[in-house]
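To start, the structure under review is shown below, and the notes come after it.
Lettered A, B, C and D in written order, each chain numbered from 1.
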Amino acid sequence: MNVTLILILLLVGSFATYLAGDKLASKVALFFSVLALGSSIVLLNHFNAGENISFISQWITQPNISFALKADGLSLAMLLLTTVLTPLIIFSSFGNEYKNSKSFYALILFMAFAMVGTFLAADGLLYYIFWELALIPIYFIALLWGNGDAEDRKKAVVKFFIYTLAGSLFMLVGFVYLYQKAGSLLLDDLYKLQLSDAEQLWIFLGFFLAYAIKIPIIPFHTWQAKVYQKAPTVGTMLLSGIMLKMGLYSIIRWQLPIAPLAAKQYLFIFVGLGIAGVVYGSIVALRQKDLKKLLAYSSLAHVGLIAAATYTLTLDGLRGAVLQMIAHGFVVVGLFFAAEIIFRRYETRIIAEMGGIRTQSPKFTSMFMILVLASVALPSTFNFIGEFTVLYSLFQINIWFAILGGTTIILGAYYMLKMFQHVMLGETNKKVFADVTISEALSMIIIIVVLFFFGMYPKPITDLITPSLENILTIINRN
Amino acid sequence: MDTNLALVLLLTPLLGFLINVFFGKQLGKSVSGTIGTFTVAISFVVSIYFFLQINQTKQPVTIHIFDWITISNFNVGFGLLLDQLSILWLLFVTGIGSLIHLYSISYMHDDENMHKFFAYLNLFVFFMITLVIGSNLLVMFIGWEGVGLCSYLLIGFWHKNQEYNDAAKKAFIMNRIGDLGLLIGIFILGVLFSTVDFTTLKTSIETTTTINSYWIGTAAFALFIGACGKSAQIPLYTWLPDAMAGPTPVSALIHAATMVTAGIFMVSRLNFLFDLVPNIQNIIAVVGAITALVAATIGLVQNDIKKVLAYSTVSQLGLMFLALGVGAYEVAIFHVITHAFFKACLFLGSGSVIHALHGEQDMRKMGGLKKVMPITYLTMLVSSLAISGVPLFSGFFSKDEILLVAFEHSIPLWIIASIASIMTAFYMFRLMFLTFFNTFRGTEEQKHHLHESPSLITFPLIVLAILATFGGLISLPGHSWLNDYLTPVLPKLAAAEHHLDTTAYILMTIAVIGGIVGIVLAYVKYNKRNTVPVSDEAIIGFSKVLYNKYYVDEAYTVLFVNPINALSRFFRDYIETFISSLIFGLGKVTIALSAQGRKVHNGSIGLYLFVFVIGICAIISYLFLAQ
Amino acid sequence: MSIVLILFCVLSAVTLATAFLTIFSKNPIHSAIYLVICFFSIAGHYLLMNSQFLAIVHVIVYSGAIMILFLFTIMLMNLNKENEVHKPRITRLGAIVSFCLICFVLILIFINSNPIVGEYITTGEDFQSIKVLGKVLLNEYMVPFEYASILLLVAMIGTVLLSKKEKLEK
Amino acid sequence: MNNILNQIGIENYIFLCVILFCIGVFGVLYRRNAIIVFMSIEIMLNAVNLLFVAFSTYHQDAQGQIFVFFSMAVAAAEVAVGLAILVSIFRNSGTIDVANLKNLKG
């Protein structure tokens, strides 16, 4: 039993969803995603029992490419994030009607497939293929099922597509070069590679471009807000909840161990870029009129912090980054879902047109409040664990990094509470706000429970990821 | 046994919160209020048990519940530490908490969201207990932020009013500025000592021979910023007066008695750390003294009854910080306790008045309530005497000790503190005279409905008034039970001598005379001459500056809020567009190039073939002739 | 000069001349006729090299089938009038330049690679009689042979489809 | 006539084929009439065929001739389809002047 099972399940699920027809599609998709979740938990148990659940087999002989899937704690954590969020995202979409829903849900599953592949792949080319594969479904999801003016949307989505694709090409160039050097693209072979300073720098920069655009780190973020705004909420959730974690994960898995010298030498620049993203994103978020755009910028700020933490090259940084990735994945999905719940009732995303929801639906308000609080990293939520560890790692580099990065807890509270105030509080809104349905509440509650549980007891995840992160750190420090 | 009891202590309020949140509406107002009160009372009983136990054993109870956060150089467990300090805090948090819960049953009875109110109050008590009994800085931080959250929720309890929401938001954000400081302090301690646990921290600081005073100083300063945020010290005090937007019991519980003392708790908790860095202690003392003075001056001219009390709270907190700054932790703690009694009583009394006047808070529209509300009047009078430092009331002892230690430390600080306490006496009695004496100045209709509050409201008032009167007995000069009790956690105490010398008596006399002068001045101005403060527009001169709180809020708006918002707008409108157009620019360059390139593709097969042939020639030449 | 060489020269001259004339004739029908002659001369070359079968097949396929197709097409289109506009001078210049260039390059290559060609040895073994060709074709080249048949079939169908007159759309 | 290449020499054949091929190229470039272009292509094909046969003889190997067969089959198919296309183009646009067939323009 190994991790290919999940890939196969998701791929089969994708086809099955397409074949199931419009009426059944959502249920079939949910079924397969839950199945994938179940099997990933089973696999996790096998892994914890010390079993080897990785998979490797020669794929192409010339060039020397293997179909290699590596499942260590880090990959499994990201795998679980994907497989938990996918059913949630699918389930959260049940309140909406999508035309041609069989393609819609098939694309979601296909995207999950590609993302899981990215998290597991241990061969450069395979990884690259999955990486790019994940882009295709989200392109169609955003383009065909998005909202707003079609021309505007097309512009934003095409920009996003070309932008990320162009970034990835630099990574491909890096891989081609690495292949010339190593004669194989297997992760372990690449880890063993001894590259000169200049080589490392170029490889590092090539990878950086790909990841910086995907994550996004400023100043490569301009695609983000528009796409988040225009994409259907499901697409936004997939993008912000899982897909941008691909970039962060890849930094830890690929970029740092392959080019550690460059990472060390230019540490301050890259940590600084991440921190700049934190401050910049927070400040821009203050004055956003569109709820989804505001959340997009808040996401920019949070991932900036995570990226900064990964570039600190400390155990705390990496661990905090992974924890924060997972926490952020849940919170951001919850927040976008909340925005969607409001949209279903008010047909608007403009903050100024909302307000007074609290008197109409106290339940929803409470859940939204908890998500807002988690997003501003209130202690006892999962995000606090992540943010604390991340800031601690930044502090180890330089106190000013910690202080500047820490402005997120001030500015974050500022824009989130401001948003909350104008969206939820105030005089009762004239528009009708039907109370949340059971299925809507269920998705939110699952997210909230996860956030609180791991906020108080993050040990399972910490124990899962720490050994693999320590491995990566030894590889980074091999010289 | 201890573990279970401690968990009961901790989790009962949480249980109350959960019950009220999920079932509060169905249970009805009285039931949810009773549950809320009862859960806190249980915690109070358990606290008493622990108090009795520690009095016998003198041994702190430490409980490790589970591993929480893993950091590279240390692990943080979710643990509880019940020592003298935390149990003391527990006692008055849960004690006053129960009284205020009781009070709220009646006070909030007309509010449709009463169950929510009790839920939040319970949650607050839960977080406050966490803050107090956390065994390390991070568990304390849970409570620290948690009480901030509850404060936010309760200030904005009447959430339809956006001004209240603004006040709530402001409180939360200003607290967060302090929280960042606290976090930085925790980081420094974590890096330096590889632990954030209070007990181990203490031992490692005591055993470390080489103290890195620069970093310890930074840590202490950062922690002090955290305390500033929570305990409303300059420059982060402006949230507290605005926080009066919340229901009055909230002001009494959170913004007078308990939450705002968290900063003092934290500093006392880490006394071994602060003792190492006298410079930072000086800063604390100065900040405390200035806060006391500034807040007192503002309090002189406020007309909103709760605002007066709010500034009085800030001022008193300043005095406590002054005591902390001069290293007299036990004095600060003593004042925290007495202040909790009389300030809670004052707030609840003002609540009773507001209740009777159906929400009127402007003192200019009160007056002559003495006869209608005798219990409220008497209890508030007692508390006012206490806060003014009239002898034999609790405030006399605690405030006097603060002045004493300030004097020993530095005379200018003593002068500032003394002026602040004279002002305190003045504005408190200004409040009393304006509210209770002379004739009623409100509308006829209000006059008609004037009534003494029900017993559920007066009972807590009476209890608190009694405590405010006799609370001072726990630490009589020269023979202090409190100091003995706290000796294990404040090691410096054992060495210090406590005796009354002549200086002490002189100072005491000066303070008492000052207090009485303040009272008499207020009497002359507001009772004898029956002056009523002029309306807002008519305020002129320096009192206008005071009335507008030195324009600090406006200054903050101009200095911080507006620039950030402007920056945000600038980023949004220009920088975003600029970066975006850079990216689009790349695309446009490509398009321009391809527009040139497509001219080649003119569809003429002849040209294509020609190029094709040339190309073939080139390739063949390269392949066969280039060798 | 042996007879063979003279024959070769004559045939070559005819081949090249008719090829040129094919291109330069203004009337497409003339071009087609010249092309037929060119093909015949090439068949002559084949005969000269003793590959009679190939020569015959060549005549049948090219001069027979393909040329008939050409002629039919020309007639179908009624192209016998000399209506072609002359190309601009630059195009003609380009054509001549590339003609010279490719000639030059190819010949240069040939001269350069002369040694690689190897020796010409005649063993007298039969290698191009119908019998031998048939054996080779149907043993070693069986599959391509079948593919060729499929190709022709497909071409036939394609041609029919293409040249069928589409009905006017409603 | 078994040793014919002894008398003529393979070089002559190569020259002949090269020139024939170049004439084909020239024709393709020079003429605008699509049918003539087609004929030029046939000339090029034949040039190659001839070279095949020449070398087949030179190496005393049948494979070259087999290739010519295939090439003829392909040429036949190509001509059939190509001319059919030309006919339909002519039907649609009334001309077979390649200068007018500019739909490939980008």
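As a working rule, contacts are C-beta pairs under 8 Å (C-beta built on N, C-alpha and C of every residue); 3 or more make two chains touch, one makes a residue touch a chain.
What you see is a predicted model; the values in this text were computed from it and never measured.
Ranked by C-beta contact pairs, the top interface belongs to chains C-D.
Centroids of chain A and chain B (each the mean of its C-alpha atoms) stand 37 Å apart. Per-chain CA centroids place chain A at a distance of 64 Å from chain C. Taking each chain's centre as the mean of its C-alpha atoms, chain B lies 99 Å from chain C.
For the pair chain B and chain D, the distance between mean C-alpha positions equals 94 Å. The set of chain B residues touching two or more other chains comprises 606, 610, 613. Of all residues in chain D, those that touch two or more other chains are 25, 29, 32, 99. Pairwise, the chains that make contact are A-B, B-C, B-D, C-D. Contacts from chain A toward chain B in the complex involve residues 159, 162-163, 218-219, 221-223, 225, 280, 283-288, 314-316, 319, 356, 358-359, 362, 366, 373, 376, 378-380, 385, 388-389, 391-392, 395-396, 399, 402-403, 406-407, 409-411, 413-414, 417-418, 421, 424-428, 456-459, 462, 466. The part of chain D that touches chain B in the complex is made up of residues 25, 28-29, 32, 98-99, 101-106.
Contact residues on chain C toward chain D in their complex (touch as defined above): 2, 4-5, 8, 12, 15-16, 19-20, 22-23, 28, 31-32, 35, 38-39, 42, 45-46, 48-51, 54, 57-58, 61-62, 65-66, 69-70, 73-74, 76-77, 79, 84-85, 87, 91-92, 94-96, 98-99, 102-103, 106-107, 110, 117, 120-125, 127-128, 132-133, 136-137, 140-141, 144, 148, 151-152, 154-156, 158-160, 162-163, 165. Interface residues of chain B facing chain D in the complex, by the touch rule stated above, are 598, 601-606, 608-610, 613. The touching residues of chain B, counted against chain A in their complex, run 21, 66-72, 78, 116, 138, 141-142, 144-146, 149, 152, 156, 159-160, 162, 165-166, 169, 172-173, 176-177, 179-180, 183-184, 187-188, 190-191, 218, 564-565, 567-569, 571-572, 575-576, 579-580, 582-584, 587.
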